[in-house]
Each structure stands twice: as structure tokens, then as C-alpha cells.
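Okay, handing you the structure first.
The first chain written gets the first letter, and so on, giving A, B, C and D; residue counts start at 1 in each chain.
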């Protein structure tokens, strides 16, 4: 089957997440990268394009011309990946969607709620598909957790404990010109959320993905431990879900020893589920009154929903890139169905959507609002 | 050296914690149990006493006569262990302290703040010693964590993540007459705190023991998930400490798969410390920029403060009873110093005190107050 | 119930294992230490006795007088614990058994096979009971592993992987006069086995305890890595059991990072069991085709056989001393049954016996014989 | 940079390892698959080729015509991946090498020693490059272990404990026509080695890669636990290395609960290193006298040698495919250097070679010889 033609905005030399998107897109051979506007600086953009084997004529100086020109080519791109700082997601996506080019976009959706709401409208009314790379939802054992929860295996929801801790902002490295640190700690580019925007939004999304529980209220205490930092580098959030379920969310980028420690535990009346991103091939299942069970990716008692998105036998660990690639692969299948005027298979719709993106920005906004007001309770 | 003569109030047949206290008291051979008022029901009390080898004449029907008679015997008890439901701690302790008999008492101190404050006055003005069995402070690696923190090895405090989760109250077993569940879920005996009183207070105490950080404000969301239960069986608490440090505390007795999962993580500007009660022989140390280190009880890089309270070489695991016994052993040494009119060694003063008890009850009270008022912030 | 009167030979100041035996004997209140011959040097012996609260007149200079005098006292000891270097176990045990005093003895039984065979005869023909402290058999989850294996839960035995690694002899500390290292590396006191005698024998015993498989042949490669050391400090052994089952045993005292790493894995046609001494509260169960299960001491799916020998609820970790104490407690119950001319309960007979001791010495002897002959196969 | 043109022999529909090679080759964008002889059955071959987007004219019926035709095309393949059953590796490789086409070949090299020796000669005298996919050597933390060992960080080698356990052959699934099980248990296709050939050879290679220790003698006990199985499904091997170092190797495919449990521990005079394939992002380092250290991929104290072959930040787990891809990526760089008549960088030469392949077959042969002769010692 011919590969989908992929373009990319952002992700030039020195950017971390662009490379991740490219590997993820290649993993299952659904995409070929053929065009890009890889950096705001044209020189960097073109040098990056060359390195990646993109034809010089398809390396663009600005995303508007890219959208314009690619949409007018016979062999123009089918889909564009947006991997820029947050404040640019919306205008870029808009320009491609308006040309009927599908969009796969990094999270969080936007750097403010207004943009997010407009973005949502644009996607809803466009004639192209949209996916958001909340990549952690692509892990097979996360999919299985979702299924088990929704099948009632642990009963009605009582408690969600979710956390996402890192340590890379322990010191004020943004002052030393570290590129990623610089924009991620700059409210004008990242939005008002610091740790809560960058990673807390993943934690919220993961809880939402697994349980589907409706968040009703929250109360947040946010801190900027590093002197001079404008956005939070640590957030503590109490969550109240529908039906009296409760939750707790911690995001931090100043917790030494935590590399990328996203962890979720969900408890219901009958049992609990636990999963950790750093050891993603395991799902721990505790049914009340039963011994602890560890279900392994593709292994015994693993279910079809996860096995569909795994490539290798149990015991051969898959990691972050494979989970990320699942988002790309499923979105490719959505696009092909769309191109063939077919309805995509149900399971492909697990790819995070514009709705997830909007909820995520609302979450970030609410946390910052609560935190900036002394930790008052906010309706969600 | 002659053993201290020990009496016990509570802890008769069917009680869990009484047996723990007895083993803990025997472990290092500092005590001999010679008297008791082991149950409110005299028949149970005497049967229990017989089983434990206590002379019939020193098995008492009520604690008042026990205090009276033991204090007038030449071979009367030196010290009494109080292991009753919470509401009885204060009156019992008072009657023994007033006779100059030392008291080692289960936690939480009392079932309400008024009693706790009076209790504090009684102890402060008495001529006898008092210890509270916040036993988790007895673990060697908790002692080492305290020392490392206070030596500044992880720098100034930023974040405390502490949690204590169990699952034994997942179902409404108090309705089936399970004895311990019955009193622990009964506000008139346990106090207003459910999980927060029984185990959340341990979590608070552990954070306090290690860091000494001054709690200034808290905000709590408490739940009674099991229908009909009066006290909380789950509590989520945000903590604000002095110097802008922040914390999060979770206590739950309805989290399936958690047996006795007390866990603390403390982060400072320079590093982090992590310890889990269920695998208490390990302390994880993360100095920012360095590889993760696991220090093992009595092993390499373990320090004197922990090694003093360990009995066996590394790799020979010690557990809950050994940690509990450390409280008993150090209290015995305090008592002997007192009996010899000596000042106890500094390190013996790590045994939890009446101050810890009062702080604990204030903590429980504050959490319940916050939680009962929609989760408002409370000054501590 | 009155405590059994306990004497001890060996275990004076500076000895590690004597203190372990004393705590283990006290843990469940079945014994009271009243007499001893605690060191070969009388001064040390008496000083140790004083420290332990033993009456001066019952602190003996030599074990023969101790056996003589204690057996003639009305309040003489019921049982003696022998915790000396290996070459003394047999003569000491003989002198007490011949007086009708029960014996609980450290392992390995003797330092050579001849003594072991004679020892076996003496015990068999004596009118007193004998127990060997292969303490690891006292762990609840080891008991459960045995039961599960023998109930056929993992099917017919195929493979045993057992290992016991330490690192305390990595350097030639015996040359620095470290007391325990000195005798344990001295063939005249420890026997011909170095690591294989001290700890390999535990590993062999553990496999035997759980499976009861009949060892038929072995092939060993033994090393003394530390220059000048006479006995092995590392042994690699291939095992052939009846019915074509196979095994592998590794013992080492020069494996840095291993504190007391006894670990066993047993595989049958239908499943596998895995247990590690350093985290003894867990038993991992893998039934072929099923998810991995972790059964926790006293927890869900734990069985009566283990729960009988546990004192505290799940999640409150028990350790080495508690496992050791189970041997003491069950032996006390055997003695009481004997004193009452009753048959002991079946489950009490899990305490290791003189048969186990003899098998252990045969195992050590065979390993050394194989290893000293270039690694030839030896019939067992 | 233009991608290398890749062909593949074997790896058609239903084969596991072919897909792995394809993903690995794509991961870092060094290769493009353009030709294949994907199955012995032409129909399957062509259907597979179509699925993979290979032009019909470059989907071959037999490998000889493929070598012939591809070598005569201007746009012919640069390199061929051989992923057939073991007995075909040699003839296929020979036909491509003789045409100057580079070869990357699955392991073990061949199904018998004679072929392996001839293979070695062919590669040595050919004018093309050869790589063997002992993929576990591609893991960053394995590379770091090698470097630390060779830098003397744990001192002179004493002990190697290596094991590779699986459970997928616990039942006689080869009788049910499971394709992979069928050829892997068939001596005419897999060679005489069963588990020792399939996975034991990886274990041997891993030890060799890390330590470079010279194996001098071995003694093996091999079993076929499943009735009717001709090759071993379990092997226990004692190893004697140069300078009196010792080792133990276990390979098994009938150990329930083990998915792909390759694990190595190496001990020297000064420390130990431990790594497990199922959690490959961690390397445990124990320096004698120091606390246990866990070095994480790309994290603190990780070294350049591993960091060069990692793609994403610490805490974002990499897995099996990424390790495999490192072999492909480094081989691509070797090929480019060769094409430019340059000497490859030193570090690229870590890719396993024909020497490793020959040593591996000698190892398998020796194990089977020892095992078939009652477990006698064999010079290596």
C-alpha cells in the first residue's frame, strides 16, 4: 500500500519532539516525510530538510506558503504534523485544515483557552481529520486498562491517583539558553501552564482516557520553586469527578530522581489498576480479595485491544516510541478510511481528538485559575 | 540488667495491636509483662492474662485499680502500655502518670482535640515519661532519611508526597461485627477521623519526623465511599509548609491491592529521598545529576543512626515488628536513664512524644474540619 | 503456660548468630534463657552471661559440666541451643542428648561426614528431640511454596534454579582477624565447605524442603577466588534429580552487591514458583498461560500453612527474625507435646531434622569431592 | 543522505523475525526495502512483497536469482538481510557476498560447525561487509556495561552468571504445526541446539560481548523435557574462562512465567554489574563497599558509548526494537564508510561479526557434545 505523504511544521535541528514524531511515523511504514517547514529560521529549516532527505523545493520558509503550495501539488502532502511551541499550533493547523490537509498535532492544543475553543470550531467544521498526540494513550497496557475499567472489572470508580514527575527543571536552566526549557517556561509560548501544561495535561488526559470519568471540580496549589520562573514547576490538584469519585493529581518538573514518571492508579469498588510509563509493558491488577496480578504486554491474559497495537512477543519490551507510533498508525488508518469514504473501525477512534485537546486546555486553565487564587475550588 | 516491669491496658484476646506491642517489648529483652487490664470485659481480661502468664492477682478488672495497686506494690510495674481504642488513651494514661508510672501509648493520642490538649498538660506536668508508638519512625531507614534530610543532603525542602493506602475497609465489614472495623469506624471511639485518624496521622507524622517542616495550612477532601460509614475512608489533603514548601497526603482504606502501603517521597533543591514501608530495608536516594542510589539497612553507606537500631546484617530483612521494637527499646533506655537520674542520649529522644501526639490530633481535626467544610483551606 | 527453660552453648559477645537465636527464642514467648556456656574463653563466657541476665552459677566454663549440672537440677534446662562453630556441634549435642535434654542446633550439622553419620545415630537412638535451624524453611511463603508444589499446582518437577550469593568475603578479611570470617574460612572448624558449607547448604536444603525431589547426581566447579583462602568462596553445581528433573545451584560469598541473596525458582510442567529471601513476604506464581501472580504473606490467596506461622497482617513486613522464630516456636510445641506424651501436629514436623542435617553434610561433601576432582559427576 | 537499498531473504507472512528486521531497518531511516525473496513458497513470497510495497519485478522466487539480478541492476540492493531458518544462512550469504552485496544475517550463524567454518572463510575473503544480529548487544546499557567492565570498574573478572529463560515451548506446540516452533525444534533446520541454539547462544554472546573473557572449558547438562522433542529445551552449563574465572549459563524454553528473560550478572574483584533484557533501560552497578547504583539509559552517569545509540531522553523507555535498530544503524554507517573507502569509527565495530557467529556455533556444538556425553568437560 502506498505510504501517506507527510509534511512537518517545526521539528528542525535541535528539537527533541520532531525526531520522535518522525520515528513514530516511520515505525509501521504508513508515512513518508516529503515536505516541511522545519524551523522559524529559514536557514535552519533548509539545513534540517536537507538532512532529512526532503527535496529543497518542498522545504518552506513559512507554513502559509507550505499549506498553499502543498495543497496545490498533485503529489502534495496528505497530512501535516505540527510540532512547534504551543502558541503556534492553532494558526498552523487552521491553515492546513482549510486546505483539506489532515493534521496531527502535538499537545497541549493551544496556549490559551480562547484559541482552543476556536481551534475546536475549526476542526469541527473542517473537511479534514485531526489527531492530538497524547501519546501515552497509545501504550497497549493503557488500552487494556481502559478496557478493563470500562468492562467493570474493578467496579464503579472511587479514586484516581495520577502523577507525572520529572526533574529536568530542578535548576534554572532556562537562564542558560537551553532551547526547550526556554520556550516551555515562557508563558507567551507555552501558555500559562508550566508543569501542569507540559505534563500535568498528559496526566489528566490519561485518567480521562482510561476512566472517562467526568471532572466536575478541582482545587489546585501551584508553585514556582525555581526563583524567577514565571510558570508553575510543580502543581498539586484535588479532583472531584461525577458520582462522588475523587482524584489527586501531581505534576512536577523539579522532583529529583524522576525522569519521566507518569503513573496512574485507579480504584473502584471491586479492585484497582496500576500502570507506570517507565515500565510500560506491565499492568498491575488487584481484584479485591485476590492475589495481585501482573499482566504483561502481549502476554497471558492480555487482551485484543492492546495486542492489536503491539508488534513483538511478550518479554521483548516495547517503549515510548512504539506507543507514540500507535497513534500515528491508527491515524493513518483513519485517513485511509476517510480517503476511501469508509467509516473507520471503532478501535481507531481511540486516537485523541480535538475534544481531548479542548478539555486539556480547559484543565490547564482551571488549574492555573485555582492556583492563582489561593487554591480555591473551581467548577470544571 | 533487670528487665523493666511492664503492664498493659487493652490488648486482650482478639486484639491485633496488643500482640504487636508484646512482641515488640520482648524483642530486645528490656521488658517483662507482669500485670494487665487486658479487656473491658473481666472474663476476657482474665483469660487473656492467664494465657500470657500474668499472675491472677495482677490481672485487673479496671485500669484505676490497676494503677492504684501496682503503684503501691514494691514490685509494681515501671511502665504501662496503653493499647485500647483511642477515646480511652487519655483517662488511662492520666491515672498511671499520676502515680509516677511511665506510659507508652498507641496512636492517635486521643479521639478529640480537647482531650489531646489536656493530655499534653498532664504529661508535661507529670513526673513520669511518655512515649507514643508512631512505630514507623522506628525503622532504621526512616531514621537515616531523617538524618540525611536534616544534614542538607537534598537541600532545602520543596515537596513532600506522602501516602498511606490500605484496602481492608473496601467492603462494609463493620456491619458484620468485625471487631477492629467496628471501633475504628465508630466516631465515638475512634474520633472523627476514619482513615485520616487511623493511618493518615501516621503519614503526617512520618513527614514531620523526617523533615521537621512546619505545616501552616491544609485543604482536605474527604470521602466515605462505603455507604453508611460515618467517618472518612479516603482523604486527599493539600499541605502548605513554612518557606513555601508544599505537600500532598493521601490516606485510604478502600484502595484494593494496598495492604499497608505507607510511602513517602521528599524532594529538595538538590535531591530526593524515597521510602516504602512494605519494603522497609531500602532507602532510595536521588541526588540531582547523579545515578539513583539504593542504600540498604545495615549495608554500604548506611549510617550510624540507623545501624544503632538494627539487629542483623544487611540482606537479612527486618520488618514491622523490629521497627516497633525500636520504639520500645529506646523508651526502655530513656526510662533507665530517668531511673538513674541521668540525661538520656540524644538519639533516644527520637521516640515520638506527647508533642507529636498533640500535633497528630490537631492534624486529624484540621483535616476533618476542612473536609467537612467543602474543602476549605485551614490554618494549622 | 510456663516457658521452656533454654540453655545456650556458644553465642557469647561478638558472635552474630547467638543473638539471632536469642531473639528468635523470645519472639513468641516460648522460652526463657537460664543457662549457658557462651564462649570457649571462660571470662568472655561469664561476662556474656551476666549481660544476658543468666545467674552466675548457671554460666558454665565447659559444655560437659553444663550438661551434667543442668540435667541434675530440678529447674534444669529443657532444651539447649548450640551455636558454636561447626566442628563442635556433634560432641556438644551428644552430651546434652544423652542427658535427655532436647537440642536445637545451628547448621551445617557437622564439619565432616563421619561426624554427621554418628550424630544421626545418636539422635535416632536418643530419648530427646532434635531440630536444625535451617531457618529459611520457617518463612511463611516458603511453606506456601512447598504446599503448592506438593499439591501439584505447577505439575511434575522439571527444573530447580537455586542460588545464594553474598559478598562479605570479597576481600581477605579473615587475615584481619574478623572473628566470623576466621572460623568460617578455616577447614578445621567449618569443614571442607566454604561458601558451599555456610550458605550453599541452605540453598540445597531450601530446594529439598520445597520439592522433596531426590538428588541423584551432581557435578561441581568450586573456586577460591581470594588468594590464600583454603575453602571455596564460590561454587557452581549441576544437579540431577530423580525422574530426570534438573537443577542448578550457585553459592558465592564474593559476589559484590549481594547481601544475603538466597533465591529459588522451581519449574514444573504446568507452572513456576519464585521466592527471594531479601523480600520474603512475596511468592510469585506463574501458571502456564496465566498472568503472573504475586501472593503476599497473610494476604489474598495465602494459605493456612503459611498463615499459621505469621503474626501480623499483610503489608506489615515480617523478616528474617520472624522466620527464624518460627523454627523455635514449632520446636517448642514439639517439645511440649513430647513432655505431654502426645503426638505433635503434622505441621510441626516441618521443622528441619537430623535427616536434613545429614543430607546437608552429604551434599557439602559431595560438592567438595566433585569440585576437588576437576568437576566430575558424583552419585549422591 | 540517500537511504541504503535493502533486500530481504525470508521474513514473509507469518514470520516473526522478518518484521522485526524491517522495523529495525526503518527506525533511523538508513534503509529502504526494495527487493526480497520473502518465502520459500513463491506465492507467499509475492503476496508478502506486495504487502510490503516491493515492486513485483524485485520479488524473487529464489535467492540465487535475486543475488544475480540485484547485483546486475544499477539500482540494485546494497545490502541483504537474511532471516531464514538457520540451515539456509550460509548458502544465501555466500551467494550475495560473492556479488559484493553486504549481508546482515540472523543468528545463530549456521546449523552446524562445518558450515560455520566455511562461512567464516567466505566472509573473510569476500569484498563485502557482514553483520550478525546478536541484537542484545545493541542495547545502550549493555554497551555501557561492556565499557565499565573493560575500564576495570569492577576489577578482574571472577564470575559470570548468565541466563536466558522463556516458556513458549512448555507444551509440545511443534506438534500442532506452530510454524516457528516447528523449525526451531527440528534439528535439520535449527541445528542440534534447541534452546541452547536459539537463545543460549545469545546468552553466551552477551557474556562475551561485555567481558571478552576467553572461554576455555565447559560442562553441560541438557534436557528435552517435552516428550518427543529431539533438541534440548533446557540446558545447564558450567563455564571455565581464562584466568580462573568461572561462569554458569542457563537456557530454557520450558520455564513458565519467563517470557524473554535474558539476564546477566558479572562479578569482579571490586564490584558487580547486572542487567535484564526485560527492563533494559537500567544497569545496576555494585561497587564493593558502596551503595547499589542504578544507572538509567541516557540518564545521570550514563556514558557516551550508550548515549550515542539512544534516541530519546531518560524515562522515555526504549525497548527491543530500538536495540535491534542500533545494529542496523551502525551497520549502515559501516557500509557508508566502506562505500566511501573510509575506515569506520571504532564504535561502529561493536556490531557482531562473523567471528562472533563462529564462536557461537562452536559454543552450541560444544554444549551439545558435552550434554550428549553425560555432561563431560569439553575444551573450547
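Throughout what follows, a residue touches a chain if its C-beta (ideal position, glycine included) is under 8 Å from a C-beta of that chain, and two chains touch if they have at least 3 such contacts.
All of these numbers come straight from a predicted model, not from anything done at the bench.
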item	value
Per Cα centroids, the chain farthest from subunit B	D
Chain pair, A-C or A-D, that carries the greater number of C-beta contacts	A-D
Distance between chain centroids, defined by C-alpha means - subunit A, subunit D (Å)	35
Between subunit B and subunit A, distance of the C-alpha-averaged centres to the nearest whole Å	43
Interchain centroid distance [CA atoms averaged], subunit A/subunit C, Å	55
Of all residues in subunit D, the ones touching two or more other chains	258, 292, 296, 299
In the complex with subunit B, residue positions of subunit C that touch it	1-3, 16, 19-20, 22-23, 26-29, 51-53, 166, 168, 258-261, 277-281, 296, 299, 311-322
Contact set on subunit D toward subunit B in their complex	285, 289-296, 299-301
Footprint of subunit A on subunit B - complex, ascending	154, 158-159, 161, 163, 167, 170-171, 219, 221, 223, 225, 234, 236, 238, 240, 244, 246-248, 250, 252, 254-258, 265, 267-272, 274, 284, 286-288, 292, 374-375, 377
